[in-house]
Structures are given as C-alpha cells and as structure tokens.
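Read through the structures below before going on.
Two complexes, one shared chain (subunit A), two partners (subunit B, subunit C).
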Partner chain A sequence: MFITIFLLFFPLLVALLLFAFKPAQAKMLALVASIIELAVSLYLVVIFPRTDAVQFVVDVPWVRAFGLHFAVGMDGISLLLVLLTTLLVPFIILSSFSRTIEKASTFYGLILVMQMALIGVFCALDGLLFYLFWEIALIPIYFICLIWGGEDRGRITFKFFVYTLAGSLFMLVALVYLYFQTPGTHTFAMQALYEAGRALPLYEQSLIFWAMFVAFAIKMPVFPFHTWQPDTYTVAPTQGTMLLSGIMLKMGIYGVIRWLLPLVPAGVAAWGFTAVVLSVIGIIYASCIAIVQKDFKRLIAYSSVAHVGLISAGAFTLSTIGVQGAMIQMLSHGIVVFALFYIIDIISQRTKTRTLSELGGIRNVAPVLTTVFVVVMLGSVALPFTSGFVGEFLLINSVFQYHGVLGVIAGLTIILGAVYMLRTFQQSMSGETNAVTARFADLTTQEKLVLYPMVLLILVIGIYPAPLLEISEPAVASLLKIYSNLSASVK
Partner chain B sequence: MNALLVICGLSIVSLLAEIANFKKWLTAIVILGLAAAAALLVQDWNTSVSYFSDMLVFDNFALAFTGLLAFISILWFWMASDYFQAQPHHRTDRTSLIIFSIVGAVLMASYNNMAMLFLGIEILSLSLYVLAGSNKDSLFSIEAAFKYFLMGSFATGFLLMGIALLYGATGSFDIREIAAFTTSHADTLPSFFYAGVLMLLVGLAFKISAVPFHFWAPDVYGGAPTTVTAFMSTVVKIGALAAFYRMFAIGLPSTHSTWSTILMVITVLTLVLPNITAVYQSHVKRILAYSSVGHVGYILLAFTADPTGASGVVYYYLASYAVASIAAFSVLHLVEGNSESITIEYFNGLFKRNPLLAVGLTIALLSLAGIPPFPGFFGKYMVFALAIAQGYTPLVIVAVVTSLIGVYYYFRIIIAMYFQEPQQATPLPVSGAQRALAFVLIILSFALGIFPDAVLSLIQ
Partner chain C sequence: MEMLVSLVPLFPLLGFLIVALNVRRLSHGVTAFIACGAVLVSFVLSVVLFTHLLGMPADQRALGVTLFDWIKAGNFTTSISFLVDPLSSLFLLIITGVGFLIHVYSIGYMHDDAGFNRFFSYLNLFVFFMLLLVMGANYLLMFVGWEGVGLCSYLLIGFWFKNQAYNNAANKAFIMNRIGDLGMLLGVILIFVHFGSIQYAEVFPKAEGIGTGTLTLITMLLFVGAMGKSAQLPLYTWLPDAMAGPTPVSALIHAATMVTAGIYMIARNNLLYALSPATLEVVMVVGLATAIFAATIAVKQNDIKKVLAYSTVSQLGLMFLALGLGSFTSGIFHMATHAFFKALLFLGAGSVIHALGGEQDIRQMGGLKKYLPATYFTFLVGVLAISGIPPFAGFFSKDEILVAAFAHNRIVWALALAASLLTVFYMFRMFFLTFFGKERASHDVMHHIHESPKSITLPLIVLALLSLAGGFMGVPEVLGGSHWLASYLAPVFASSAALAGEHHHMSHTLEYALMAAVVGLTLMVILYAYMRYVKGNRVPAADTQVDGVQKVLANKYYVDEIYHAIVVKPLYWISATFDAIVERLGVDKIVNLIGGSVVPASRGARLLQSGSIGYYIFVMVVSIVLILAMGIIR
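So, the complex of A and B:
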C-alpha cells in the first residue's frame, strides 16, 4: 500500500533535500514535514481496522541473491509505535527552535533519517530488513551525539556505538541461522522464520533466545547491559536524548514482542523467568542509583532504566495484560520522558547548570513551568488519572500474577520513583530562590507549544486509555494465542 | 578481447602525447578510452571466446572483472587528474605505466595458460615498481619501490618455480588441461606436483598480500605517492584476486585437499593480524594498508568456504571494497596536501573545513567497516552467510570479531573528523572535479548497497 511507503520514505526524501540544498529555513521545513507525517499516521489510526491482521502490506523482492524482501506492514502493535514516533518527532524538532544550531540542515536531516529508520524497524516484516533498519537507526543518532553533544562525547558515543553494534551482531547471527532453517529456497519472511524457530529443539531455541535477547537488552537497556546508557543520555544533545529515550529504546521492547516471543516459544519458556528477574533487578538497581544522582539529566537517565525494566518484565510475563501494559507504557514513557528532558533543557539553558543542589525556588518565579513539571512528574510516578498509571498498573499486575514475590519487588518502583521524583521537585522547584534561579523566566510561547500538548496527552491517556488499548489488543491477543497453543503442544 | 586491445592502444597513445603535444587532453582521452573498452565488453558477453591457442579466455568471469577494472580505473583517473596536473613532469610516462599495469590486470583476470598469468603479473608489477618510486625526491618513495621490487621478484621466483613444477607433473601450461589431468590421474601425481601447488600458493599469496606474505604492503603503501597507493589497493588487488581465483577454482579444484588447510590458516592469519596491527598505527596510509590486507582475509574466507561457488561473492566484495577505497584515498589525497606522512590529526575537524569530503570519507569508512546499509555490509554478510552455509561457523566468529576490531580503527578517523578541533581552522577548498567525484562516489556507495543484485547478476 502506498501509505506505508509514504510514511517510510517521505522523511528520507525531505532529509535528502535538506542535505543537498542546505536551505536557510531548514528547521521550518523539517517541522512541516514531520507534521505532515503525523497527520498521515493519524489518518492511518482512523482508517485502521481493529483486527489482528497485518495491514497496508508492501512486499517486493529486493535482493534475490540472499532472499531479502522489502516487506513492510503494520498491525496494531506496529501502529502504536509508529504513532509514538510520528507524534514525538515534530515536538522534538519544535523543542530545538529556541537555540541556534550549527549546521542546522544536517541536524534536522539526521533527525528525519532517524525517523525513517525507526518507522522501518516498527514496520519490517522481513528478518533481514528489520536488522537493516535496526542498524540504520544507529548511524544518525550516533552522528547527532558526536557532532552536537557535550563534553567527552568522542569516547562516550563510541562506546555506545560499539556496544549496540556488537549486540546486534548476535541478532544477525541468530537470524541467519534461522534463515538456513527455512525450507526450500530460504527466506527471511517473518512467518517463515517463526515456523523455523518454533520447530527447533529446546537447546537451539535457547541459544537463539540469548542471541536475540542480548541485542534487545542492550538497546532498552536492561540490567546488566545498561552501562552505555547514562553517559550517552547525559552527553547527547537534548534532541538526541529525546530520540534515544523517547523512541529508540522502544525498539528493544518492540523487538522482544515481535521478534522474540513468537519466534522461539520454548526458549522463552525456559529463559523468560531469568529475563524477568534481570528486569526486576534493573528496576531496583536503577531506582536506587537515581535517588543519589546530583545531575538532573543523569537522574532521569537512570529513571528511564527503571521504567524500561518494568516494561520488559511485563512483556516477558507472556500475559495479555503484561504485553498490553508494555504497549501503553511505551507510549506514556515516551511522552513523559520527552517532556522531562525538555524541562531539564529549559532549566539548564537558563541557569547554565543541571546540578540539583544549585537550583531551587523556581516555583516562586515560574509558576507555569512548575505546574507543567508537576503534571509530568505525576505521570512519571504513575499517579491515577495520568498516563503512567494505566501502564504501570497493568504491568505490575501482570508481574504479580506471574510471580508474587517479583511482583511485590517490581511494585517498589512506584515508591522509589516517587522518592527520586519528589526529591527532584523539592530541590529544583521549591525552597528559596537563590542567585542562580532569581531571574528565571517562565515558559515562552514556543515552550508552551511543546509542553501543553504533552500535559494534555498525559491526562487524556490517563483518563481514557481505551481507544489506544483497542488498537493493539487484537494483535497482542493473537500473538499470545499462538504462543500458548505452542507451549501447550511442547509440554 | 577488443577491450584489451583498446587499453593497450591507450597506453601507446599516452606515450605519443608527449611528442604530439596533446598532454592537456590526456586524462580525458584515457577516461573515454576506458569507457569505450568497457562498452566493448558487452558484445562479448556469454561468448567465452578463446584467443591465441587458448592462452586467453574471455568468459563471463573475465569480462565481468575486466569491466570492474575499467570502471575502477576510470574513477582512479578522475581522482588523480589534479595529481597529474600538479606534477607536470613525466605525466605521459606515468599515465602510460598505469595503463600498462591495467593491461596486466586484465590478463590476470582472463588467462587460461600459466604463461599468460606470468606475463600478466610481470606487466603489472614492473610498471608498479617504477610508479611506487615515482616521487623521486622522497626517500620513502624510493624505499617503497626498492622493497616492492625485491619482494616482488622473490614472489615471482616462487611463482615461476611452481609453474615449472606443475608443467613437469602434468605436461601442460593450460589450467583447464591441468584440471582434467589431475582429475584423471589423481592417484599417480608425483610428489613434486604438490610442491608446485604450494609454491604457486606462496607466489600468489605475495601478490594478494595475504599474511604471512604481506610484509611489503604497509611499507610500500605508506611510501608510494598516495594516488599510486590508491591504484595498488584497488585495481592491482582486483587483478591479483582474479588471478588467484582462476588458478585455484579453475585449475586446481580437484587437488583441493592439498591446499585447503594451508589456505584456511592463511585466511585466519589474514583476518586477525592486520586488523589488530591497524589499531596501533597512527599514519592513515598505513591504517588503510593494513585494512586492505584485512579485507583480503574476508575474500579468502569466502574462497576457503566454497572455492568454486564464491565468484559472485568475491566479485561483489571487491566492487564494494574498491569503491570505498577510492573514496577514502581521494579524500586522503586532498587532505594531505604536500606532506608525506599523514597522521590522524590531519583529519581533525574536517567536517567543519569541508563537509562534503568528511561525509564522503565517513560513508567510505562505514562501508569498509561493514555497517549497513552500505555495500561493505552486504559484502561481509554474503561472505559470512556463504561460510555458515558451508559449515565454517568458527571462522565466521573469528571474522565477526575482527570486523568489530575494524570498527575501532575506522572510527578513530571518523571521530577525529567530527569531534576534534581542526588544526587549521581554514576551509579546505577543492576543485569542481573533485567535488563531483566525491558526490559520484557517495551515490555509487548507496547504489551498490541498494541494488546488490545488479552487480551479482553479472557473474552468477
């Protein structure tokens, strides 16, 4: 279908125009392009039939020599993540308007290439194509961080690059192995890989589980594969951090849901518990580190590890509520973390510091910012009637049903989250104004344009999440039904 | 065959250019001539005609490789055009020598008789010995020429001895007859036949610079003028690997067991050693020299895994490698200016000084490192897939690790370009022709990555 192709290649086309002609109004062009993209994806949501079928499929042979097809399409799971991508990118672009960026056309071009690659990851129906988009996504974000990042970025971004590249090579080896298990002239088509994977004996399924899991776990990141993440988030430019935390880490969770759970059910059954335990350890570990952070941005980076740990744990419980919770929480986390990083950017641009102890009293001089921050923070700590609550409730519920003790431990995330978020609020917003914050200006119109819609979304999703849940429910149900049938027959 | 004659004619024409005084037009004439030669290949497609009592066979393998050689040579002349302008002396001689060595490379891709292989290698090498030393004022250049000559002669000795022993054992120079003879007389081959095979392997391993016969490569690549280095690491390498492939896949497949184990050892060494050594280099030309040796390792891996079925993979790999190398060397050539030893610091802040060159070099290095969606990735991917399909998974694991090491040293240059502050803050001006070349090479890199089928269909 034309619409998938348009969604994929329209950003790329605009990016090429930006690279080639370096227009003075690069940011406006990028913004308009991303808004068009958002409009198209909203139209898609409207016309999307609420079934479990993969819609808008395009499938053309690409490289016959090694069975690569350009096969893309969307079911509800893909659509929600495409929606998240197309929703956040215009706001990410808008959030950069207040600062002057060197070589702006390259910067916005790379953001749009990134958007193309992310949509590609979420739409790919061919194993090798998925891998290609997965790797392509790494290149623009690497250069965004390398060129526009902060102190010591050469070393830190290189670690990030090698870490994720090494992880995804394991995935490539697993995919190639499965490719050679497919019958006849081999193929990378998703269904064929599923069938090949399911037919393997337990030992081989376990190996493939680990090869894929390591790639996804590094991307998310899940403990103990997270060591690249806090440094990279801190050193990246704000827009880079937003792309990384808002959208890119969802690639890892999407990978688990689409390319791991249905692929090797026996392997997942054998090792899923380990994955849940690792995720839960990550929640507690990252939350505890977040509590003692002094740097605002680093604190949110660790909180992101904690949140993603819960999402990953929920996905590995293999229950409908777990996976559905993961879906809604991916959206919510994307919106919340984007808003948080933007608020940090606003504060650090005005005060030239991100150290919490140097801030304070912003509430007295910037009431609008404070109100926005309160709503976003409540979304982050999952207060009822915010978007965070829906996801975390479903997730903790699923982990609890999966294993009571783990559920209780995972539930601590709400308490720990409240500890570090409220402490952050206290140190930055309340108290007496000091020399740094005394002349703090409140939100500008452009900043309001970015933050108000986010606040609105946090509240709307929190109060009435049903329309979003409906989109992915049939696909999740059918994915897990296949799963339970198979594990029943294995037993 | 017509293509070969055209290329020979071109080298005579370029000698005449000195006398007839049309030096100004020489590069244009050569590029047009090479394009014409490439066009002439089309009419020979699927004919497999033999010439001179089966001395040369222009089968599709030979035609595809000749086309690749002509194409890469055109890019090379484009890249070197301002080098020729900056060095007005002996311009015609140098052009002529380059074209003669292309002739040698074409012979190496199309021989059917070991005498022709020898002639091809010698035509190619003699021209290169002179070219490596063509920067007469530079001690490094003279050292490079001398080393290259000594090592090359040594290798030729092995090669000749091997050819003689094979002739003694089988009574023929014709590689197809040798193949037939070794199949029919498999049990009665004299022991010196095997000695001959090993000597051929050593001689050809020298020419493709496989470890442990690679010691000349870094010094020669580092010392020779950068344009000549670019020529050696692309056109010469394509010719040498084509010769290697013909010899072992067409001539000696039935004695596979005698040389396969040794080749496997050579493959592993060629993957591991240069990639590790490159990490410790600070001179960019030496880094690229070691990387070029390392890439031979991936090609040998495909060849080890499936000697007769790897031609398409080898061809695609060489094409993607050559395009990326030309791109890397063209930027290197522009950045180095008049200095002789160019370190990584020269690339500091290149993105600010000249974004187009920085992006071109980045794409070339990403392709060499094997990052998708660039053609280097598909090349490596096909090598690995072929090797896994043939059950060489342990070797693939070694190759995956070495290509990760490769990422490290390629990224040192990339990080310098984008992250470090430039030593000279001035923009780096380049001519329109060089800008156009950079642009064409970027397009080519993407095209090779997006349409691998077009290249693969040439040879499979």
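So, the complex of A and C:
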C-alpha cells in the first residue's frame, strides 16, 4: 500500500530537499514534514484493524540475484513503534529551535534520514532489508554525534560506531546462514527465515540465537554490552541523545521480539534464561551506578540501561504479559527519557553546567519547570497512573512469574529508581538558589510546547493505556503461539 | 446511588486540578473555598452513601461501580472499579470528615505561607488518592491509592523545600515506603497468579481453596507493604522524620488517615489473614513489639511533634496487635477513635506551635493553659482519650484490644498493658510540661503569644467532641451496650469470623476486674506524672546531659544510625565500586576481549580497528547504492 511507502520515503525526500533551503526555512520544513508523518501514523492507528495480520503490505522483488524483496508492512507491534518514532521526531526537532545549530540543513536532514531508517527497521518484512535499514540508521546518528557532539566526541563516537557495527555483523552472518537454509532459490522473506530457523537443530539455533542476541543486546544495550552507551549519550548533542535513547534503542528490543523470539524458538528456550539473568543484572548494576553519578546526563543514561534491562527481561519471559509490558514500556520510556533529556538540556543551557552538586534551588524560580519535572520523574519511577507504571507492572509481573527470585531482584528497580531520581530532583531543584541558579528563567513557550504534550501523554497513557495495548495484543499473542505449541509438544 | 460512588473521589480530584492548574492565579480565599468545598461535598456524599447502606439489608450492604478497563494484557485484566461496603464507608466518613476539619484548620495555620495554594492542591490530591485506596474494588487500585498517598506524603513532608533536611526526610519517607510497596506489589502479582484475578469479589470466594503456604506468602508480602505505610518495625523510621511537614499534614496524613492504610488493607483481607495463622502471628508480634518500642522512645522525646509521632507508631502497633489477634473489629475501632484523638492532639500541638511562633520543644513551653484556653481544654480531652479514661473514645477501643489480648495470652496482655501505660505517661508528661508549671518560653515569645483564630479552634472543638463521644459507637455488652460498630462491620468480617469458630467468652466479673485494674493503673500513672512534672517542676535535661539508657532512648535506639551503617553505606559503597572499578576497568575490557575472540567477527573487527570509519561508511554506502542499482538494472 502506498501509505507505508509514503511514511518511509517522505522524510528522505524532504531531507534531500532541505539542502536547497536556508537554515531557518530548513528547520521549519523539517518540522512540518515530521508533523505530516505524525498525522499519517495517527491516521494509521485509527484505521488499523485490531487483528494479528500484517497490514499495509508492500512486497516487490528487488534484487532477484539474492532473492531480496522490498517487503514492508505493519502489524500492531510495528505500528506502535512507528507511532513512537513519528511522535517523538517532531518534538525532537522542535526541542532544537531555541539554539542556533550550525549547518542546520544537514542536521535536520540527518534527523529525517534517521526517521526513515527507523521506520524501515520497524516495518521490514525481509531479513536483508531489515539489516539494511538497521545499518543505515547508524549513519545519520554517527554524523549527528560526530559533528554536533561535545568534548572528546571523536573517540567516543568511534567506539560507539565500531561497537554497534561489530554487533550487527553477527546478525548479518546469522541472517545469511538462515538464507542458505531456505528452500529453492533462497529468500530473505521473514516467514521463510522463520521456518528455516525453526527447522534447525538446537545447536545451530543456539548459535543463531547468540549471533542475533549480541547485535540486539548491544543496541539496547543490555549488560554487559552497554559500555559504549553512557559515554555516547553524554557526549551526543541533545537531539542525538533523544534519538538514541527515545527511539533507536527500541530497535534492539523490537529486534528481539520480531527477529529473535519467533526465529529460533528452541534456541530461545535454551538461552532465554541467560538473557533474562543478564537483563536483570543490568537493572541492578546500572541503577547502582546511576546512584553515584554526578553528571545529570550520565545519570539518566545509566537509568536508561536499567529501564531497558527490565524491558528486555520481560520480553524474554515469552509471556504475553511480558511482551505487552515491553511494548507499552517502550512507548513510555521513549516519552519519559525524551522529556528528561530535554529538561537536562534546558537546565544546562541556562546554567552552563550538568553537575548536580553545582545546581540547586531551581524550584524557587521556575515553578512550571518544577511541575513538569515532577510528573516526568514520577513517570520514570513508575508511580501508578503514570505511563511508567503500566509497563513496569506488567514487566515485573512477567519476570516474577517466570522466576520468583529474579522477579524480586528486578522489582528492586522501583526502589533504586526512586533513590536516584529523588536525589537528582532534590539536588537540582530543591534547596536555596545559588549563584548559578538564582536568575534561572522558567520555561519559554517553545519549551512548554514540547514538554506539556509529554506530561499529558505520561498521564493519559498511565490512566487509560487500553487503546495502545489493544493495538499490539493480537500480534504479540500470535507471535508467542509458537511457544505454547512448543511446550505442548514437550508434554 | 452507584453514580454517587464515583463522585466521592471526583470532587477532591477536581479541587486538586482547579487549584493546581491555577496555583499562581487564585487568591487564597478562593483556593480555600474550592479545596475545603471539594472535601465537604465528598463528606456529604459519604454520609449519603452511609445512610443508604444502613437502609439496606445487612448482608447486602455493598455498592459497586466499574468505570473502565485499566490494564489488560494476556490473561491479566484490571479495571477502575469502586466498592463501598461497611468497611470502606467507615473510612470514607473518617477521611472526608476529619479531612474536612483539617482543611479548615489549615486555612488558619497556613495563612501566611507563600505556598498556600500549592499546599491545598496537595491536600486535595491526598484525599483523592486516599479515597481510591479504600474504595478500589481490586488490589491494583488499592495499590494506586497506596502509592498515590505516598507521593502526597513526599510532597508535603518536603513542602518547605528550601530546607534540605526536610527534603531528606521526604526522600526517606518515599524510599522506605517503596520498600514496603515492592512487597505489596509482589503480593498482588502472586494473588493474580494463584487466583486468576485481582478483583476482591473474585478473590475472596476462592480463598479457601488455596493452600496455606501460598496464602501465608501472599499475606506476608502484603504485610510488608503495611509495615512501610503504617510505620511498623522495621520500616517505621520515616514517620518521625515526616514531622518536617506542616502540622496539619502530620495530623491528616501521618496520624489519622494514610498511616492507617495498613490497617484497612488487613481488615479488607481479613479472610486471607484468617486463613494464614502464621502471618497473623507475625502481625501480632510486630504490632506488639512496635507498640512497646515506640512508646519507650516517646518517653524521652522533647519535641512535641516527635512525641506524637512515636505515639502514632505505637498506637498503630496496638491496632496491628488487634488485627493479629484476629480481632478485626477492635483494630478498626481503635483506628477510628485514634483518628479523632490523634488528629486533635496534632492540631492542638500545631496551635501551640503557632502561638509560640514555631517553638516545638516542650522544654521551652510550660504554663500555657491560661494563654491558650481553647487549645488547652481540647488538648486535655485528647490526652484523656488516648490514655483510655472512661468515657472518652480511647477507653472503649483500647479496652477491647486489651480484652482480646487477655483472652489470647496473658503475656501479650501484660505487654500491651505496659505499652498503653507508657502512653499514658508520655502523653501526660508532654501535656503537663506544655500547659502547666513555669513559663519557660522567652520573654519575647510570651509577649507575642495569642490564642489561635476560629478556623483553628473550631476544628479542635469538633474533634474534641468526637474524641469524647466517638467511643459510643462500640460500647461493649458488658457495659450495657450493643456494640453498634461490630454489628455494622459484621458482614465484612463474616467469612473470617466463621473460621475463628467458637468465641471464648470471658465472665463479666473478669471483664469488670480487668477494666478496673487498667483504669486504676492509668490513674496512678497520671498521678505519678503529675507529681513529677507539676508538683516537682521537673524539666527534662538538655540533650547533652543524658546518659546510659536515657541516652539510648533519646537517640531512638540509634536505629537510624544502624540503618545508615548496614543499608545506606553499603549501597553507596557497592555503587561506587561498580562505577569506579567494575564499569571502568572490568566490563568494558572483558567485552572487548570477547568481541575480539569470536571468530566470525574478527575479520570484520580487525578491518574496523584500522580506525577509518569514514572508509567503512563509504564502503557501506557504495554497497547499498550497488544493491539498489542492481535492483533497478535487474
């Protein structure tokens, strides 16, 4: 259907057009384009039938020589992530309006190319196409970090690039191996790869599992594959951090749900427990490190590792509750972490520091920012009636059912999360003002335009998440059917 | 009638939204009107619901309403749905009734505060969450209220946010509650796993088919939540610190309502607890231990609010003792009377603090009765009520708990009696030191002393009347009553009462004797306190001059210091170690090593490590273009 193609290539088209415009026009054009994307994806959400079928499919043969199809489409799982992408991009663009950005056309062009690649990742129904979009997504974010990043960006973005690229090479090897297992003239078509993967003996499934898992685990990132992340998040320009944490890390989780769980069920059954254990270790490990961070941005980077650990653990429980929890928490995390990084940007723009101990007392002078910060913080610590609670409850629920002890350890996230978030809030916002914060100006209209919708979404999703959960539920249920069949056959 | 049910929490929510969204626009008068009005409307609705329930046949007294599905995933479903039955309707009356009085009181108390509007918005939000807690028809909605009131408590303890010590107290309260909440959350999940639902109406009928071991685990986990929220050993240390909040907050949240959430939770789950005797035993022991432990600390506190705070911890312990004894009605009864007299005492203390311009140390008070007559008189009623002097409210409820304890075990009874006599002592110690004896406040303070305005004294008078008459809702048979409360709550506790079976009855003579003994001892303790602090004019020594056991008590058994040493410090040590050693030196290196050693990747990795990303991207782009081109050319 035309609409998927439009969603994919409209940003790319605009990105190319941007070079013809002056910076001021370029950013408006980028904003308008991203709002159009959002409108289209909202329209899709409205017309999307609540079934497990893949909708809006386009499937044209592309490179006959290796059976590559340009096959894209969306089921509920894809749609939610496309929605997250198209939702956040306009706000990411808007969030940059208050600062002057050099080479603005390139900057916004790269963001739009990034959007195209992300939507491609979430919509690809062909293994090689998925891989292509996966790698393409790396290029714009690499340049965004390299050109507009902070101190020591060269070394850090290099590490980031090598790390994630090395990971995805494993995935490529796995996909190519599966490709040769498909019958006839070979194909990368998703269903064919699924069937090829499921037919493999356990040993080979295990190898495929690890090859894919490492690629995804690095992207998310899951402990102990996370060491590129805090540096990169910290050094990247705010919009880069937002893209990375808000959307890009969801590629990894999406990869697990779409390209790992249904691909090698026996491999997952054998190694899923290890994945859950690693994820749960990551929750505690990263939360603890967040507690002692002094740099606001770095602290949130670690908190993101912790939250993603819980999402990943939930996904690997192979239960509908866990995967649905992962879906809704991906949305919530995207919104919350985007808002947090924007708040950090606002504070550090005005005070020229991100060191928590140098801040303080902002509450006295910026009540609106304070209120916004409180709601976002509550979303982050998963207070009931915020979006964070819906996801974390379902995820903790699934992990606890999967394994009692692991569930309790994973549950510690609600305590540790409160420890570091409340401390952060106290250090930056409470107390008396100091020389740095005494003349702190409250939110501008443009900043409110970005943050108010996030606050509203955090509350609305927290109170009434049913419409979102309904979108992905059928697809998740049918995706996990393989496991109920598997356990039935064991019995 | 069902429609009215959802209106009860709606009004405080609206009040919160209106005030919060216009916090810098509304005048204080309008804010006070909206905030108090919202709670008053809820109170009126609660009264209407209450009378409606009374008009229904006793065993059908329940109103349910479902608004919409909340969280649904896989086989898990939960809805926003409310239940008003005798138990929740009683809580509704107390929350909105006492809540309204404290709202009115706050108008006077917070009069000069720049954060007046913010204060009332938090207060309304608190009432909303507290109502959700007791009205929710399922465990998760109770949990929403449970965490929601915790949030409001956090916001109000740290209300004066310029003071970092207050902020620390707020963080401590939130985090400690979260420890309890995790237990509770896991309990709720376990209920879902074993019952297939978290709706009360679907859980309770299945309870007897579930194994005792499972039920014990569930009830223990839920009780961990209660330890946090209701400040029981070992999770109580946040409550005394919570006194950093404005005094009306201490009265409403940290005495009358929020901290009794644990009592409500166990009463609501009386059937599950009755089916797990081991947990009941734990509840009883924890309650009793807390009651004594906190009472001994209270004896050596000199901050008027700290005395009341430890007293609250101790009284909550007595309520848990009652619940642990399986005497659910007495637990709820004491919760109700305690809500009256403890709110009264806190508000009275607030009036004193207000009059003395912020002084909270009872060593700096004395002789205030002639300056603050209304406060003095109502405070006296509160002290008499908590001490259990007949016919004040506390007498009936405390007596009932002691009777239940006596029937269970003489040692438990003796310890409970000791806790309650300690209570009598420290309450009268505080009372005498505050209102009697020499005027120890500075000349400057005495010069400005004044009785509080009507908005403060009127709530005191109403609460004093309730503390005087509140006990009559549960006059025991032995005193010629029919215990209205017990029969009102009977349908809620019917299933667990059936389990308890034969109620061993004491002879009336024995009950009379016990009662007389307790009252006699109480009077003796009062006399002792009188001799010591009024006749003897004793004033507690300065903090530096105490030693031995006294010092241990004055320092609250050093529990905060112990927690700091065994929990906080290790956590920070581990975190710092992870950060400095494992993260920087360990994981990164190991991962790189593993990465390098895996064969399929090493070829690519070696290429990459030449360092030229630009080159690689170039290759990548060219390849993609080639693939594209091949597609077009075919």
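Basically, the second predicted complex is superposed on the first by the 481 of 491 C-alpha atoms of A that agree within 3 Å, B and C clash if a C-alpha of one lies under 4 Å from a C-alpha of the other, contacts with A are read in each partner's own complex, and residues count from 1 in each chain.
In this section, contacts are C-beta pairs under 8 Å (C-beta built on N, C-alpha and C of every residue); 3 or more make two chains touch, one makes a residue touch a chain.
These numbers were taken from a predicted model, which means no experiment stands behind them.
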Given the touch rule stated above, what does A:465 touch, subunit B (first), subunit C (second), both, or neither? second
Identify the partner contact of A:363: answer first if only subunit B is touched, second if only subunit C is, both if each is, neither if none is. second
Does subunit B (first) or subunit C (second) touch A:235, or do both, or does neither? neither
Identify which of subunit B and subunit C touches the larger number of residues of subunit A. C
So, A:339: does it touch subunit B (first), subunit C (second), both, or neither? neither
By the touch definition at the top of the document, which applies to A:324: first (subunit B), second (subunit C), both, or neither? second
Contacts for A:135 in the overlay, against subunit B (first) and subunit C (second): which applies, first, second, both or neither? both
I'd like to know which partner A:103 touches here: subunit B for first, subunit C for second, both or neither. first
Should A:63 be classified as contacting the first partner (subunit B), the second (subunit C), both, or neither? both
Does subunit B (first) or subunit C (second) touch A:161, or do both, or does neither? both
The shared contact residues of subunit A with subunit B and subunit C are 62-65, 132, 135-136, 139, 158, 161-162, 165-166, 169, 173
What part of subunit A is in contact with subunit B in the complex they form? 62-66, 103, 106, 131-132, 135-136, 138-139, 143, 146-147, 153-154, 158, 161-162, 165-166, 169, 172-173, 176-177, 179-180
Residues of subunit A touching subunit C in the complex: 62-65, 68, 70, 132, 135-136, 139, 142, 158, 161-162, 165-166, 169-170, 173, 211, 223-227, 285, 288-289, 291-293, 319-321, 324-325, 328, 361, 363-364, 367, 371, 378, 383-385, 390, 393-394, 396-397, 400-401, 407-408, 411-412, 414-415, 418-419, 422-423, 426, 429-432, 463-466, 469-470, 473, 477
What does subunit C use to touch subunit A in their complex? 20, 23-24, 68-76, 140, 143-144, 147-148, 151, 154, 158, 161-164, 167-168, 170-171, 174-175, 178-179, 181-182, 185-186, 189-190, 192-193, 571-572, 574-576, 578-579, 582-583, 587-588, 590-591, 595, 598, 600-601, 604-605, 608-609, 611, 613, 616-617, 620-621, 624, 627, 630-631, 634
Please give the residue numbers of subunit B that touch subunit A in the complex, ascending. 312, 351, 355, 366, 371-373, 377-378, 381-382, 384-385, 388-389, 396, 400, 404, 407-408, 411, 414-415, 418-420, 452-453, 456, 460
